[in-house]
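Starting off with a structure, shown below.
To keep things simple, chains are lettered A, B, C and D as they appear, and every chain counts its residues starting from 1.
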């Protein structure tokens, strides 16, 4: 059961990820990204992290991909401007892909990995909360400031600057 | 989880140890609050307040310099105060002070909001300081990303200039790429190190000490080695090392001058502060990392210097010469695997680089026109004759960057070379010498533009070139530049104040 | 009353302090007076110290003093002192510095104050080079003197000044970097943890360096210093640079600063790396003998430009110095020191006179000159005397230097001695031919036109005084060679005797 | 709930790692090959997501929760990055009316 599920979900994730790269249209790419996310969320569930799967769908599917779609529609870019890959680029990409596959293969086969998971109880929301607000309190604060400057940054980049600030 | 455990964790959260970072955060928030309540949008208080916050923090750090809380890990192992962390704090504070100074020159000429700039600079500074003291990969990544996101915004800050936005986009794409690579490396290390139980306490694979212990026991672990290489690859982007230097010239050219200086000095120094931390963590992997870093260093030196040769734009020149400086510094990093004194040499070099670069960027800020466009070498012609003070400061700054005695940059190179010799890095030294000699070409070209051409009369029939010195230097500007130049000269003759600090 | 060690410090500090004072905005009238004082004081102090010599403090050094600089952790202290080898060089630097300074005051250069500041820094740096016992400061002072050279060529230089300044900067920076690496290598490998030459000597006496270590460090130093001294084929910067340099800078650089490399080889490499030098001796001798003396000798003969000719001839004479060094004997090394002093004085005099000729002919082209002896007999006399000194005729200091080197070289290789002696003939040919072209025979048409507009006057006293100073020193050492040979012999008694003299091959 | 994978040796950690590495590689080549900045941006997100998958898998097999907690931070950071990135793209589009990389070449080479 789990094996079949894993197979289906991983194929879904990887195949749609490939389509994100290979698709002509930016809108379609965003939709495939969404599908890929769903597959990924399924894998998270298989790994005993349903909460993370939930957050992933909420944040990514709900916010990030929606934002992408919104921007694509807003900018209304020409569809079908799929690049004609130059031979050099393709060669380089194939070479890189070969090297990378080799790397992944060695990574998976040479690495000394635990084959069975540790049998610990599945983490609940409470576990996460406790860790975030005790051990990881400092990074949480820092991330808060990061979100603040990101927000300010978006405002600076989007808002029209008014001269009134130059009051002497 | 019991309340006892909560209390124990809370007790290890020694917030007082992070006083400087919190001061900056509070100062940054204060800027935003005051902006809302300031009458009639009179924002003259903003730069002085930012400078005051930074200055106050600097004073408290220097006053408590030796108070490093015994060096034990705080916040449950997220942060470790140390002497090198204190040095990093001082470095980033000084650098940000000077960035604010450059901001006061450049920002009023461009029609851009003021408060947000200083706010972001303050937050990024605090994040940089945390980054240099982190002892845990989660803290490390979060602080690093805060810095990086801050820089995305700052680089594209001139939102009405296409160049600035283009630079921002380039920095963003390559920065996010390097972050992803770095993150994947961290994940691999976490996976390899796994769960370690020492003295009954469970440690995870994020904590630096745990990683080190694991690597010492398993120096040939494939997964961890791959992870370490990916982390170093991601950091190579931050310091602008080969092959991740492609963003440097474009982003340096497009970014507003204060941001270029911030990138050149603080961002690069942050990369090296982290590399020096990680050298301790990854020490058992020397057999792999030393050749890789050596190769990186040689390629960086040669690439940086060779591609700087043909540049006419001074910002690109500073960027590419900065790439070569990153190469020299990498030699120090390689040396620090076997010579712990090399870390002090790297910091000394960074401080001399800070002084010299800021002096040069200060002059550039005055020479460039209102929209940062007057940065070609031609714009510096006759500078020494028309503005002898700016010319002198420029000459001292460039001389120090070129490593000419008796300026501070020479002492920096000397200390690095001695460390490299002690670590038997003869091949790297040879490359460095070749690099230094090549660099004389383009630094000399700049000096020639500013000094030598001015004595030749303009060709008959052509109007003399007038470089756009847009802003008349204020007394504060003159004083700052003078302090930078004098410090560069004095440290060349008498490096005791810094060396006594860094080399102990 | 100041001690002799303090007087030595004073001699180095005077020009540097004067430079700072003038740079801070001293009015021009006072600046000129201060500069005269600052150029003169070192000569007087150097003569006094020479009279006091030897007052040996330790390890053949006199007048030792140590100032701490904050680099104690690295083993760097500002240690000053003179031994038998550095004393003549110090005196040379002081004399040529005074001559160059006096001549600079006469030159009427644009922005005279900046010119004087740079010259004073150069002068102070040169004095510091030869008085440094610490090899870090030995290098440091060299660079201090070198930087003004680039600037002076860049600003006040003649033809191709930008290109010349650039080429000079790159060659000399490369050479300086390589020698710096060699010095750092010595510091690290000796285990002395100090840049102090005396401590280095002690450490190496206790633990001699392995043969191959000596070989590669000596190779680095020879390559680096060789570039600085214009060893063939790394010499191409010299004629170009001297051709473009303003006269005072050329006098100081060709006369004194260039000797830095040879001085370093004698003072540092010879006692510390005897086996290394022995390994390279034959290669060095062949490069210097065939390259510097023969090839450059012929190139010199082909020059039409007076200043280029002087530049090449100075490259050629450096070949003798390398040959004397390669002989690896007390006699040869003593000859090199002697020739360095003598050549420094004579080449400075020749550069001075060349500029004086240019003032009267408005050209450096030898084919466009002629007949100047009738109009300016004093200039002609000086020039002929300086040329004869350069060739090495008896009565001038150069004679003793070349003679000693040939004697030492004979034991090393009779073949190379023959080459070196043929070099004397070559230098006689180009030297005398130049003198003949400039001063005798009919003046060219171009020159007549120039003279019609600017009738040439003979040397005035501001030119005569420095020229006389240099010529007097040349003659003094020519007739009283003991003034140099005695301290040199004393200093060389120790180190070189330890080197086994090579059997002739 | 029992662990689903306790009896599945084949689809153990290496398999998850393989999927994660594949996703990472796909994203990486997407960044290199595509010219549309929006698509490049999606590929960058894919790379970050690949890391989170590996994190969750490692966390599970190592038996520590820290990896899962780190995922929270990674997601937050990725979201912030997207926000800033899209703002820059929009601002640039207003000036230049393109999102194609090869047309954004005002900076000299």
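Note that in this section contacts are C-beta pairs under 8 Å (C-beta built on N, C-alpha and C of every residue); 3 or more make two chains touch, one makes a residue touch a chain.
All figures in this text were calculated on a predicted structure; none of them were measured in a lab.
Participant: Of the chains shown, whose Cα mean is nearest the mean of all protein Cα atoms?
Facilitator: Ranked by how close its C-alpha centre lies to the overall one, first comes B.
Participant: Could you grab the centroid distance between subunit A and subunit C? Build each centroid from C-alpha atoms only and quote it in angstrom.
Facilitator: One centre to the other, that is 69 Å.
Participant: For subunit B and subunit D, let me know how many angstrom lie between their CA-based centres, rounded off.
Facilitator: 27
Participant: How big is the gap, in whole Å, between where the Cα atoms of subunit A centre and where those of subunit D centre?
Facilitator: Each chain's C-alpha centroid was found; their separation is 4 Å.
Participant: Need the CA-centroid distance for the pair subunit B / subunit C, whole Å please.
Facilitator: So the centre of subunit B lies 43 Å away from the centre of subunit C.
Participant: Listing for subunit B: what residues touch at least two other chains?
Facilitator: Within subunit B, residues 138, 142, 145, 149, 152-153, 156, 159-160, 191, 194-195 contact more than one other chain.
Participant: Pull out every residue in subunit C that's touching 2 or more other chains.
Facilitator: Counting only residues that touch two or more other chains, subunit C contributes none.
Participant: Provide the list of subunit A residues touching at least two other chains, using ranges where the numbers run on.
Facilitator: Subunit A, residues with two or more chain partners: 103, 107, 111, 113-114, 118, 136, 139, 143, 146, 150, 153, 157.
Participant: Which of the chains touch, listed as pairs?
Facilitator: A-B, A-D, B-C, B-D
Participant: What residues on subunit D touch subunit A, complex-wise?
Facilitator: 1, 3-6, 8-19, 21-23, 25-30, 32-36, 38-39, 41-43, 45-46, 49, 52-53, 56-57, 59-63, 65-66, 68-69, 71-73, 75-84, 86-91, 93, 98-100
Participant: Using the touch rule from the top, collect the residues of subunit B that touch subunit D in their complex.
Facilitator: 138, 141-142, 145, 149, 152-153, 156, 159-160, 162-163, 165-170, 172-173, 176-177, 179-181, 183-184, 187-188, 190-191, 194-195, 202, 204-206, 249-250, 253-254, 313, 316
Participant: Which subunit B residues qualify as touching subunit A in the complex?
Facilitator: On the subunit B side, the touching residues are 1, 5-6, 9-10, 13, 18, 25, 28, 40-44, 75-76, 78-79, 108, 111-114, 116, 119-120, 123-124, 126-127, 130, 138-139, 142-143, 145-146, 149-150, 152-153, 156-157, 159-160, 191-192, 194-195, 221-223, 226.
Participant: Can you name the residues of subunit A that touch subunit D in the complex?
Facilitator: 1-3, 6-7, 10, 13-14, 17-18, 20-21, 26, 29-30, 33, 36-37, 40, 43-44, 46-49, 52, 55-56, 59-60, 63-64, 67-68, 71-72, 74-75, 77, 81, 83, 85, 89, 93, 96-97, 100-101, 103-104, 107-109, 111, 113-120, 122-123, 127-128, 131-132, 136, 139, 143, 146-147, 150-151, 153-154, 157-158
Participant: Can you list the subunit C residues touching subunit B in their complex?
Facilitator: 69-71, 73-74, 110, 139-140, 143-144, 147, 151, 154-155, 161-162, 165-166, 169-170, 173-174, 177-178, 180-181, 184-185, 187-188
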